[in-house]
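Below you'll find the structures, each written out as structure tokens.
Okay, so chain A shows up in both of these, paired with chain B first and chain C after.
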Partner chain A sequence: MSERMKPALLFGPLVLFLCLAYFVPFLGVMQWSVTLPEPGVGQYVKAVSDPLIISVFIRTFRICLIVTILSIAAAYCIAYIWVRGTPMQRLAMEICILIPFWISILTRAFGWVALLTNRGLINTWLQQIGIISEPLTLVRNEFGVVLGMTHFLIPFAVFPIASAMRSLDERVLMAARGMGATRLRTFWAIFVPMTLPGVLGAGIIVFVFALGFFITPAILGGGRSVMIAELIYLRLFQSPDWGLGAAMSVILMLIVAGLLALMMRYARPKSMLR
Partner chain B sequence: MGKRQGAAELTAVGIGKTFGDFHALRDISLTIGSGEFLTLLGPSGSGKSTFLMILAGFEEATSGTLKKDGVDITRVPAEKRAFGMVFQGYALFPHMTVEQNIAFPLQVQGRAPGEIKILVDDMIDRVGLRGHEKKRPAGLSGGQQQRVALARALVFEPAVLLLDEPFSALDKNLRVSMQEEVRRLHQELGTTFVFVTHDQSEALALSTRIGIFNHGHLQQLDTPKQVYERPANRFVAEFLGDVNILPLSEAQATGHGGEAVFEGRPIRLIAPGEAVTKQFAIRPEHMVLSEKAPDDGNMLQAEIEGVTYLGSETRFALKTLGGTPIVLQMPTREVSAGFEPGRMVWAGWPATQGFFVGS
Partner chain C sequence: MSKPTPVAVILASLVALFLLLPLIAVIPVSFTPTRFLAMPSGEWSLRHYQALLDNPAWLQSIWLSIRIGILSSVISTTLALMFSLGIWMFRPWFANILLGFVLLPMVAPPVVSAITLYFFLIGLSKVNDLVGYDTWIGVAVAHAVMIAPFAVVLITVALSQVDRRIDLAARGFGAGIRTRIFKVILPNIRFGILTALFLSFVLSWEEIGVTLFVTSVNAITLPRMMWMGLRDNIDPAIAAISVVLIAIVIAVILAKTVVTAMLSRKG
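Coming up: the complex of A and B.
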């Protein structure tokens, strides 16, 4: 075997696996979308004209946007302390980032339900200390979905942001301070713009991830705040409308592909500096 | 923009710095005169960069005091000192254009936009960056980035400019032209420059005075000529360039220098105030090779062991009759055709050259 073929041996199995497990089935889904129940693009027309589907798409985008902004804001603070804090603060942040990773998404969703329901910990506590008289509706609505998703996605935003913060040359910050810039000014004029590529990358990762969320909105939305993945599931498994579900999947897939292309183009750290 | 008014004098008294058990600096006391070009020279880990960081205010001294024009600034943070600083690797703001980089310190000071534009424009001309104003640092060559760093550090007319190995990333030709540029800026602006380097020739070429550091101690602080020709100790002598060390069998002080004996030959040094030791040092380029014994001055007979052609200079490896290896370097145009390996020759030098060193 020639030297040139050796790398192929290393990544070949992965490519093969992705083809068999993702690409071939996806071709099947594409086929359904234009053949079921009859050949043609009728299901796509329906997917972009049905008011219910459009409203679910809009809700999905709204929730994902809010979740992305909240996750990024929280992740920026966490990453900052993780990268630039004292050794004790760093350890604390590492624990906060890693422990949620070890708990299943399902457990976490039900954990939030236990906290947020009318007779859950938060409402009981707030009523006991007399801040509210009636329980607040914290779950089975968009609020619960946003909270649960944000909680899940923060760590995924922390890593790219922390990596951008780590690769920043300390001397650049010293240079700004040496010229008389206060810490606050150095942070806003130098630190934030220089870590922006990491923020954009994290934003797209979180947004794309959030678009496909299924379990968390299903549990914390309680059927009242349906997102697109849940709607696709309902079309495929509860109403035998495979063609429409497949068409919606393909549309979602295209949106995700477009966003990833955008990330490749603009969110690479170096593209900012050119 | 003429000579600037604000050049400051810095005085360090007993500055020490420890990192845990490690003494980075011990008891450094020196005065950097207003408008001076002082170079801190030493091998890596000698403490020179730590001292510069203490001057800049990025590190706090463990002991001692630092004064600017007589005012104690030991505990004043870097942002309040506002000295200009050129970092190793330049530390430009990558998300800003050349213009924005240079304007930043002025904006921090809250200058009027009109004034900022005039000062930035002037600085861009001074460092020869006209035509590159709108580029980002990543689009510039190493030398151009260096110029931006200089412009940015000088535009707000700091009382002191600190330079931390600014040329270490540049190739030799560019380094020499940047040295010229820095020297010209220093003369034009009259600001106090403190320059850190481990490059001896750079230090000798640029400075009004050189402070030589080793193991956290200031070994010597003097003019380039003095540190090169009258080094305070063997470390300074060897760090600043090649030096031949001749062990002496006898040595005594005379009123105006010293007299000694090396391998049975007399050596005389005329240097008032020189402390006489048992070792005599002479730099390779201070000796001249000749076929016959010179009429006067000091001389040694030796055999040529090797010849290295260096372009304008030629270097000879010699061995004295007593077996001591000696290196001699002289202009190539003065080299006679017969100076080849195996030949017995004379190495001579005037009584005003050389120095005694401790062991």
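Coming up: the complex of A and C.
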């Protein structure tokens, strides 16, 4: 065995494994999209002109945008205390972030069902204290989907924002205070702008994750607010239309690739390699 | 800036409450005496916990998920370890391209990975019965694809903290590649490898997106079993199993917090 071959023996197996199990099959899916049911780009034309599919794409973008804004706002609040609080506050925040993070997406979506359903915690409680007489419809609609997705994505937004807050130079803040800026002004004029790259990075991560969601919308949307990923699932397994499902997958992949390229360009995540 | 203001603390506490609320809501629901999902009114019952033990399908799906988790975490961690070692030791000029390629399954939308792995496994099913669509080994292989990028990230981060000079010293004294890996590098990143194994197992244990696409009636993992109970008429047994899963996570996190606190006090 020559010296040159040795590195390839180490990183080769994983690359080969992913080529065979992921890359080549993805090319196969792309092939489906232009050959099923008949050869041509008909499925792509359908995917961008069918009013139903367009409305699902628009709904997906709307939900993802709302979820991204809510998650970022919530993550900023919790990351702030996690980074700058007293040791006790830091520990409490860390536990509140880690517990949901390690619990599966199914259990968390189910938790929202248990909370929001007609005989669930919120409706039972509101009826007991007499605010409402009939249960509110809080789940199996877009409201439930937005809550469930935001809940899932907050921890993912916290990590990049907290890392931006940690790497901020404390002396800049002290200088601002020393020159007479109020605490509020120091926060808005110095702290927020300096942590903005982290916010931007977190925003793109959350948006990309949200685009591909289908478990949470399927459980909390109850078939009424279908998002693009769930539509792909339905097209493959309920009304077998593999060509269209494959074409929508390729389109989704292209959108995600575009967003990630944007992130690499502007938010510049730190390289993992030294 | 000094201590956070009360407003900031209140806002963060509200978010923390929002994060914990759905997990808390599951607890009372799991003790309902009714056959449908409801808050228990007055009487509490353990019947849904009993149902978990009585129905062999639950225990079978747990055992299946454990087997799949072990196989897929071993496959993905081994491949990821070799890959990361190769990149770290030899630093080829195309390292970034390779890294981008192996991280693909992590950044691609889960539904796209799912349809891709579905394509892969039905292809394999045509040539053998052991590894393919709706078999437990097939599911483990699909999970390994999804999990490998996470293992690569963890091990690469662990390697980035190793002092290169100890490897150079070993090499200078004439150690071969095998000695460098097993006697010098691996002992230094053993904690990172264990973390990767553990995270891989957890990710496989709770994987549902891909599993939904590559299984139908035979390979029913625990998440797949929960999914079936969640779709139409929600079975309160889901609440009981959720409470069990949440309790495990809380116990592990609290144990880790206590151990970390004790270690830091000692050191």
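As a working rule, the second predicted complex is superposed on the first by the 249 of 274 C-alpha atoms of A that agree within 3 Å, B and C clash if a C-alpha of one lies under 4 Å from a C-alpha of the other, contacts with A are read in each partner's own complex, and residues count from 1 in each chain.
One rule holds in what follows: a contact is a pair of C-beta atoms (placed from the backbone, for glycine too) under 8 Å apart; a residue touches a chain by one contact, two chains touch by 3 or more.
This structure is a prediction, so every number in the text was calculated from the model and none was measured.
Visitor: Is A:178 in contact with chain B, with chain C, with both, or with neither (first, second, both, neither)?
Guide: first
Visitor: So, A:189: does it touch chain B (first), chain C (second), both, or neither?
Guide: In the superposed model, A:189 contacts chain B only, not chain C.
Visitor: By residue count, which of the two partners contacts chain A more extensively, chain B or chain C?
Guide: C
Visitor: State whether A:169 touches chain B only (first), chain C only (second), both chains, or neither.
Guide: Only chain B; A:169 stays clear of chain C.
Visitor: Touch test for A:7: chain B only (first), chain C only (second), both, or neither?
Guide: Touch status of A:7: second partner only.
Visitor: Going by the contact definition given at the top, which residues of chain A touch chain B in one complex and chain C in the other?
Guide: Shared contact residues on chain A (touching chain B in one complex, chain C in the other): 177, 183, 272-274.
Visitor: Under the touch definition given earlier, write down the residues of chain A that touch chain C in their complex.
Guide: 6-15, 17-18, 20-26, 28-29, 32, 74-75, 77-78, 80-82, 84-86, 89, 91-100, 102-115, 117, 119-121, 124, 151, 154-155, 173, 177, 183, 186-187, 191, 208, 211-215, 218-219, 229, 232-233, 236-237, 245-246, 249, 252-253, 256, 260, 272-274
Visitor: Chain B touches which residues of chain A in the complex?
Guide: Within the complex, chain A contacts chain B at residues 169, 171-172, 174-183, 185, 189-190, 193-194, 196, 270, 272-274.
Visitor: Which residues, counting only chain C, touch chain A once they are in their complex?
Guide: Touch list, chain C to chain A: 1, 3-5, 8-9, 11-12, 14-16, 18-23, 25-26, 28-29, 36-39, 41, 79-80, 82-83, 85-87, 89-90, 92, 95-96, 98-99, 101-102, 104-105, 107-120, 123, 141-142, 144-145, 148, 152-153, 156-157, 160, 177, 202, 205-206, 208-209, 212-213, 223, 226-227, 230-231, 234, 238-239, 242, 245-246, 249-250, 252-254, 257.
Visitor: Help me check something: in the complex, which residues belonging to chain B touch chain A?
Guide: Residues 56-58, 77-85, 87-89, 91-95, 104-105, 108-109, 136-139, 152, 156.
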